[in-house]
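The same chain A turns up in both complexes below, where it pairs with chain B and then with chain C.
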Partner chain A sequence: MTITEARGGRRTGSAETGAGRRRGSAVLWGLLGVIVLALLWEGYKAIGPVAGVEFFGTSILPKTDDRSMPHLVDMLTRAVEPVNTSAGSPPVWIAVIGAALNSLGVAAVGWAIGSVVGFLIALLMQRLHVAERAVLPWLILSQTVPLIALAPVIVAWGGKIQIGTFSWDRWMSVAVIASYLAFFPVAVGALRGLQSPDTIHVELMRTYNAGWFRTLVKLRLPASVPFLLPALRLGAASAIVGTVVAEVSTGYKGGIGRMIIEFAQSGTSDPAKAYAPIAGAVVLGLVSAGIVALIGLTLKRFNRQEAAS
Partner chain B sequence: MKHSRRITLGVAAIAASAALVLTGCSSSSGSDTTATSSDGSALTPVKLQLQWFTQAQFAGYYAALDQGYFKDEGLDVTIIEGGTDIVPQTQLADGAVDYAVAWVPKALASREQGAGITDVAQILQKSGTLQVSMADKNITTAADLKGKTVGNWGYGNEFEMFAGITKAGLDPANDVKLVQQAFDESGLLDGSIDAAQAETYNEYAQILETMNPATGKLYQPGDLNVIDWNTEGTAMLQDAIWANTEKLNSDQAYQDQTVKFLTAALKGWIYARDNPQKAADIVVAKGSQLGASHQLWQTNEINKLIWPSADGIGVIDDSSWKQTVSVAMTAKNLEGTTVITKEPDSDAYTNTYVQKALDALKGEGVDVTGTSYKPIDVTLTEGGK
Partner chain C sequence: MTDTALPTTESSAPGVPLAAISVRSAGKIFTVAKGAEVQALTNIDLTVAPGEFVSLIGPSGCGKSTLLRLIADLDSATSGEILVFGKTARQARLDQEYGIAFQSAGLLPWRSVQANIELPLELHGVGKTERAARAEELIELVGLTDFRSRFPDQLSGGMQQRVAIARSLAERPKLLLMDEPFGALDEMTRERMQQELVRICSETGAAVVFVTHSIPEAVFLSDRVVVMSPRPGRIVDIVDVDLGPGTERSDSLREDGAFFAGVTAVREALHGAPVTPRGADLR
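On to the complex of A and B.
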């Protein structure tokens, strides 16, 4: 154990400078991607036919007029103008940040619930093979239920919950829907992680007369980390998607998804407005993945595999 | 060093996300204190479900809330906004809310599928749905739609138009080219749709908030033609307040509460009639993202659909109801389906409660008919800001 640890430590040490360089170039590549996207947008807008391209009556390329594809510069100028003319109306980008933080809070609740539930399900499936065979197909099935079918049901159930002073709020429905999307990658990832130790290691634990719990703590949990971290990141992204979609579908106010729809309502007369919250939603996804990556740093000691890969 | 810094970062991230979770948890639990009315007795909590987000289409309810009319009746009303997947009449039938605002044909369709709901007040007396076209296309009646590309939203919003086209002697399947329209007016403006569906209080205004490239000014009503289904005789009743049928029939407390709720709600609409600017401001303050001038336009247009109300606001007019039911039973869309297949039963609507509410309002000396109502002039701005 000590030998591997030392070797592992040295490896991380030497990888440190490389990682720093990699991170720098990752930022550069990311920026380049944004620039390429911007060029594609403006390029197609410049050369594409105004009426779009239709193929046997089906539109395959979008229209390029200013209403369908506003100029990037119009989107940016619209983003710094106030939301509307009422007194004290904040600039669009400030409103977007506020809405994004609101969504992030709800998504964080959904992600936390989803991760805990997903992890517990994974533990159960790892402990009992019968459970794995019985539950896993249902897990997969659960993700095929369309959100639009789920949302009204959850809202209707929630509307009836009233325990003492506690009453079910709309945001809780949104968080539940977010957790419904988030738990799946965590459950699957954690299960793979818990099952990842080689038979030889499990047998070693058995020779130590270690029970299931000790094996779990000493072997399976540390081994699951490289699988768990990407699953948690995936879960975070799913939670954001779930939150944004559920906000629209349940009518929860204050978040970024709702803002996209409300701004899109004025799409006829103010088309550039809706792009700011869309960009906000994208940034939100990145931020949430970033936060989870930071959380993952505390588990770095167990995360040799992912770090090496 | 690096190691510990990394752990610090991670711990900070955990702390940050825990804080996020907590703020998420506490984000909207600010109104937990038990509300009491002016005389100190506890208010009855009531939930009202809207069809859509906060906008002036619902100005009366927000005005009633803002002006304390609900509180005066001993009610603690929560207005619940709609969403794309929230069907108000289903929420009502499921018992998740106490009252719901819904269009009559859609609610009748839900009734036929078993939702136990009753129309207790018909707020909008006229239909707000138009078919809008550019003036140079010369489309002023349903008969003019022959051979034209006609947009509609679907989802049950299309039946007035199908009935109108059929009534004009045309076959919707062959004589017009029907296209699914997005929930905005881009299709009309870029010419891919000749006549587009629009509500007077929303999408029509969005056209008038758009720059006309030919003139360099905003589109003017003179640049457009509209087909109004009210004049074509195929209009259907729209926003109405629906209540739970079973509770109306068996629960005395719910009956009394319904009268109180309607009294306050109608008073809110009367406030919106007399103070359109203030009502629009209330809606904007409630967090509508649509602009202030757009909300004022919407308040004014909604007022036009309510007032004057000869029998008093909210009374369900028997002839309009019959026309709605008749169109709902006969107008076939492209799939050949009608909104409902048989006459709704006698529980579908009642004027009992709205009449009691009107009597109470008349007792207060409030004008419930609006005979002298005059709409205001609203100047729209680009983008409705």
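On to the complex of A and C.
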């Protein structure tokens, strides 16, 4: 190994420890955020008026009684107690994990479908400029349709599908709605990524007499990775939101969205119970983004910065 | 190596080696917004012999890069004829008759030095071992042996440009097209790169069309310097430079009388001083 190589190796090493330190401080800051949030909650509960604050008849700050704002300790203790009084009822946190995994599976299907569809749309738009002008406004328009309005339509259409032994299940409707939210960031991000190569690179491929497909494989796809990864992460978070909302509006049982509604309905008698699945949904969003980030690690090579010349 | 300049309007008779480039009364008109037209090049005649090093020099907007792009078939001429080794520019591109290097290196950031050099070979289905062997030769030629597995962002500008030159040579082209490849480099790196380029070109025997706006660079590198003028882009003069074979050109040449004479001749042609314009200009 030459001296320069050795020096290069050491530089990468120190860069890695630097990144490790940064990651460590990111975790610390994240924890600090949670602590601040907990202090705000308990602090307001301690000093705020029991009836809340009203301003000309409009409530601007919530009531601080135990029903509206249970203590954090109550939420935690409720989370380890059984779901209900029936015999063999599992602790709340176990039930939350089960529901979250169920939702994660449905969201993953939705995310995968959405990502593939989004990517194909981006490819079409990259290939044909006419398509970009014709399709892009519709994509943006598609995201303005409220999910609640969409859910019954998809459930109704899905119910008519019956091919051989295959019949449409309710979770598929949920997955379709999740994909409807997930495809948009992927389509937009992938389009930007596919269009990101410089003119000089595109012209270089032209001088090599490389056609559209080879240019795609050797140039546009690798160049799109830095744009695609954040888009996929955003798509994953969108798929979780879509799943939670769609579970509620399609009446799909077993997922975390449905559990939030069910537990909240017992709010008057058991106010602390509903916070466990809400926390579960938040963690679910983080986990899904984390999984996509792990996928991204395998593509690290393509995430290199453009060489500064 | 052809040291003697060919007349600009010579037609390739049988027996005479086929010209690397033959441009005949070529013109290029760009249509800009609202149908307005810009005459980028008019009435260009130029012949480049095999193995000859020809520079295109002139102020910004004189169409020197456009002329190079016409030869590379990145744009097409609106009039006239451009032949590369007797083929149309398009056919020559399809047949991979030339290698090209631009002002910025244009390396793919996710590929190592070696993989960047192998790119054209990979695209044209050359086998893995053969690719690696060729890349090894070229890496040695441009002096980057210790850097073959580095990535472009770990290289200096000069090193990146060397990789780009190695890449342009990957398929052993008989013609190299270079559009201000050293334009973004500092003066010291630039002079060293010029010397390396002149050596590499005489070793490989490739003809070169080199776009630049540096007079000393054009004189140092070239067998002939084509002086161009803007609005509309045209050739005003072609200056013969005879500084001996490329392998023998060294730094000391930059102090030589012949070099200064060349610089003076090109400068006079550029500024339209004593030298009477010849060639395409019919004013």
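As a working rule, the second predicted complex is superposed on the first by the 290 of 309 C-alpha atoms of A that agree within 3 Å, B and C clash if a C-alpha of one lies under 4 Å from a C-alpha of the other, contacts with A are read in each partner's own complex, and residues count from 1 in each chain.
Please note the rule applied: contacts are C-beta pairs under 8 Å (C-beta built on N, C-alpha and C of every residue); 3 or more make two chains touch, one makes a residue touch a chain.
Note that this is a predicted model, so its numbers are computed, not measured.
Peer 1: Scan A:224 for contacts with chain B and chain C and give back first, second, both or neither.
Peer 2: After superposing on A, A:224 lies clear of both chain B and chain C.
Peer 1: In the superposed arrangement, which partner chain does A:214 touch: chain B (first), chain C (second), both, or neither?
Peer 2: The answer is second: A:214 touches chain C but not chain B.
Peer 1: In the overlay, answer first, second, both or neither for which of chain B and chain C A:83 touches.
Peer 2: first
Peer 1: If you stack the two complexes on chain A, which partner ends up touching A:263: first (chain B), second (chain C), both, or neither?
Peer 2: After superposing on A, A:263 lies in contact with chain B but is clear of chain C.
Peer 1: Kindly classify A:201 by the partners it touches after superposition: chain B alone (first), chain C alone (second), both, or neither?
Peer 2: A:201 contacts chain C only, not chain B.
Peer 1: By the touch definition at the top of the document, which applies to A:238: first (chain B), second (chain C), both, or neither?
Peer 2: In the superposed model, A:238 contacts neither chain B nor chain C.
Peer 1: State whether A:250 touches chain B only (first), chain C only (second), both chains, or neither.
Peer 2: In the superposition, A:250 contacts chain B only.
Peer 1: Enumerate the residues of chain A that count as touching chain B in its complex and touching chain C in the other.
Peer 2: Comparing the two interfaces on chain A, one with chain B and one with chain C, no residues are shared.
Peer 1: Note which residues of chain A are touching chain B in the complex, please.
Peer 2: 16, 51, 63, 65, 67-68, 82-86, 102, 104-109, 112, 148, 151-152, 155-156, 158-160, 165, 169-171, 175, 247-254, 258-259, 261-270, 273, 291, 294-300
Peer 1: So in the complex, the part of chain C that touches chain A is made up of which residues?
Peer 2: Chain C residues touching chain A: 72-74, 93-94, 96, 98, 100, 102, 104-110, 119-120, 122-124, 146-147, 150-155, 157, 160-161, 184.
Peer 1: State the interface residues of chain B toward chain A in the complex, per the touch definition above.
Peer 2: 2-3, 6-7, 9-14, 16-17, 20-21, 23-25, 27-29, 32, 47, 52-54, 80-87, 90-91, 94-97, 183-186, 189-190, 192, 203, 206-207, 209-210, 281, 284-285, 287-294, 381-385
Peer 1: For the complex, which residues does chain A have touching chain C?
Peer 2: 2, 4-5, 8, 198, 200-201, 203-210, 214, 218-219, 222-223, 225, 301-302, 304-309
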